[in-house]
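I have placed the structure first, in the form of structure tokens, so that the comments after it can refer back to it.
Chains: A, B, C and D, in written order; residue numbering restarts at 1 for each.
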Amino acid sequence: MSMNRRSVVKAIAAGGALVGASVLMPRIAMAAWTTKAFEAEDQATAMNELLGGAAEESAEVTLKAPDIAENGAVVPVTVSSSMAGVESMSIFVENNPNPLVAEFLIPAGTDADVSTRLRMGKTSKVTAVVKANGKLYSASKEVKVTIGGCGG
Amino acid sequence: MKKGLIIAAALAMAPTLATATSFQEAFESNRAMHGNDHVFEWKGGKYHTNHEEEMEARVKATKANAADLLAKAKAKNAEVAKLGFEWKLTGDILKDAQKAIDEADYQKALNLAAQAKYHARIGIQQYHYAQKNWHLSVPE
Amino acid sequence: MKIIKTLALGLTVAAVTQMTHAADTGFDMQTVDPEADRIALQKYFKSRFPESDIADYVNGIYAVDAGSREQWEELEEFPPYEFDVEKGEELFNTAFANGKGYADCFENGGVGIRQNFPYWSKEEGTVKTLEQEINECRVSNGEEPLKWGKGAIAQISAYMAWTSRDKVFDIKIPADDERAKAAYLEGKKFFYAKRGQLNLSCANCHVQGTNIAIRADLPSPQLGHVTHFPVFRSKWGSLGTLHRRYSGCHKDSRSKPLKPQAEEFRNLEYFQSYMSNGLVANGPGSRK
Amino acid sequence: MAKGILKVKAKASGDKTKVKLMAKHIMESGQRKDKKTGELIPAKFLQELKVMHGGKEVFAANLGTAISKNPYFAFNFAGGAKGDELTMTWVENSGATSTETAKVK
């Protein structure tokens, strides 16, 4: 997962405007933020750019998300897996403008169990992809986003 | 014969429809079903389904007439505002009416002013209804 | 439209038949009985939602709707208002230019007193709310008043609510001042009066309409309505005061909202808070 | 130290440490329009977050614009004791970055 050229350029440009090297350092030390994956507009491309392939559904991946989101701006989601050797867990919202929401890197010793809150523009399938022992496994769920009546 | 049937039906459905025999109810249901400019019969008389404000707007579309109706609408809205029952959109409708006058679209101004005045009148009605009947919605 | 009218008519007629039962809760100065109202309201919700515990109504809609409760509990794992409570504490403890502070304006230094608001002020002959007194504190110390709806005033109010968590609401209607009872009655009347283009009263949605979807929103129960304010609403993406919510609700019925802290709104808050007597203060809250 | 944007609740329980953290950040998606000007508000969001404990990485995330305003994450890691320090480093898409610390309770 090497840093692609565009994000290096962006990092240098931004870093240069701030404090230079000291700002840049931790960025390089971190796992790269994959521009192509995060900016992809369809899920298959995003998944391929991020993880290098498609995932197969697995009962060992658990995606906890509401059936009907109270508010699309804050949808609580938990991804977990009972598998050993989990390296990363990623979340995709198929109908968002950019389907890739986040990628969590799970070092050895950390549970494959992460909660977060995400934005959904409209009703969509939400997919969690777990990378374990170099393979990709997924679980999906449809989350409905509705328009409220009480705007005030 | 036909009339008798209707009355029988109304009685059968009482009390839900009991008050529907008032002129107000006859007017509202005809208005809801047929819109404005519809003629209906009630207790032997013939009536149209237009709001009084719609009739007020049926004057020559001149600047003076539009300004006159707008002034009346504003006064009515001030009245309902004082009672705390002003509707949300009325202020903007009044503004749009003024804009239409400024753009010399007097028919549009008349229609908007009539709409605003209607809103204000119903708001006042709401206030008086609430004074008398608010307690009816208190649950047991 | 017609259907709605007919329905409304049906409801009105149904309400008339109830009137004889409801009459003992009082609709005028002679008969109004706040304590009877409060007990009647609790009974109403107990019969509507037998599974829900009365004490749980401080959690609003989540007391009666399991589906949204689960998401709310996830949010409460790390509530979105925590930054605001922190900021509120900082603001609360920042001295005014004259060296005094909010603590000087309130009983017990402003700590643990949320449950006593609003209260009837005999001297001023009006209902006083917490936000009102926060601003009065500022003005009397030579500071500019804060805007009512959101921002600093909501944060200070949130901090004060935070220090009052689990204290029991005990709103009093002094028997020696008829005007207090009149203010309560006005608040009650406001709550039950239909208004706006949609011809809705607060009660239509928050008593009869509790947990019945308005498009995708489930109206909260009137019981416990005020206990958790100020509230961080996901819809707002920020913290807001009770009167900000009143304005919003008012707009939703297509009324032109009254100004925050208008006498009508303060009377409404007085009535609603009295209805929550016996429940605990649990503000600030998070809502959808 | 300048006040950070992270609020961390880390609690050691048994052989694990449970971490819940929230960042005070707008997470501007770049897809919202300014209500007044009608122009798109440029994206401004947290892109990366890393949590270290005792020199070892225990959590890292790469984030997109669909993470909610005031991003929230919860996870558990093995080890950790009351009083230990966690070090969090975040990077914004602007390139701005900072490192903050918090204690395990």
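Criterion: contacts are C-beta pairs under 8 Å (C-beta built on N, C-alpha and C of every residue); 3 or more make two chains touch, one makes a residue touch a chain.
This one's a predicted model, so the numbers in the text were calculated from it and none came from an experiment.
Q: So which chains are sitting against subunit B and subunit D at once?
A: Common contact partners of subunit B and subunit D, which must touch each of the two, are C.
Q: Where the centre means the average of the CA atoms, what chain is farthest from subunit C?
A: Farthest chain from subunit C, going by C-alpha centroids: A.
Q: Pick the pair with more C-beta contacts: B-C or A-C?
A: Comparing B-C with A-C, the pair joined by more C-beta contacts is B-C.
Q: Using mean CA coordinates as chain centres, what's the gap between subunit B and subunit C in Å?
A: It comes to 33 Å between the two C-alpha centres.
Q: Please tell me the distance, in whole Å, between the geometric centres of subunit A and subunit C computed from their C-alpha atoms.
A: About 39 Å, centre to centre.
Q: What is the distance in Å between the mean C-alpha positions of subunit A and subunit D?
A: 14
Q: Roughly how far is subunit C from subunit D, centre to centre by C-alpha average, rounded to an integer in Å?
A: Using C-alpha averages as centres, the distance is 34 Å.
Q: Where in subunit C do residues touch at least two different other chains?
A: Only 77, 80, 237, 251, 257 qualify.
Q: For subunit B, what residues touch not just one other chain but two or more?
A: Within subunit B, no residue touches at least two other chains.
Q: Could you check subunit A for residues that touch two or more other chains and list them?
A: 73-75, 78, 115, 117
Q: Every pair of chains that touch: which are they?
A: So, checking each combination of chains, I get A-C, A-D, B-C, C-D as the touching pairs.
Q: Name, in rising order, each residue of subunit D that touches subunit C in their complex.
A: 7, 9, 20-22, 24, 69-70, 72, 74
Q: Considering the complex alone, what residue numbers of subunit A touch subunit C?
A: For subunit A paired with subunit C, touching residues are 66-71, 73-76, 78, 115, 117, 146-152.
Q: Would you tell me which residues of subunit C are touching subunit D in their complex?
A: 77-78, 80, 82-83, 86, 237
Q: Residues of subunit C touching subunit A in their complex?
A: On the subunit C side, the touching residues are 67-68, 70-72, 74-75, 77, 80, 213-217, 219, 234-235, 237, 245, 247-252, 257, 288.
Q: List the residues on subunit D that touch subunit A in their complex, please.
A: Listed in rising order, the residues of subunit D that touch subunit A are 16, 29, 31, 47-48, 50, 56-69, 71-79, 89, 91, 94-97, 99.
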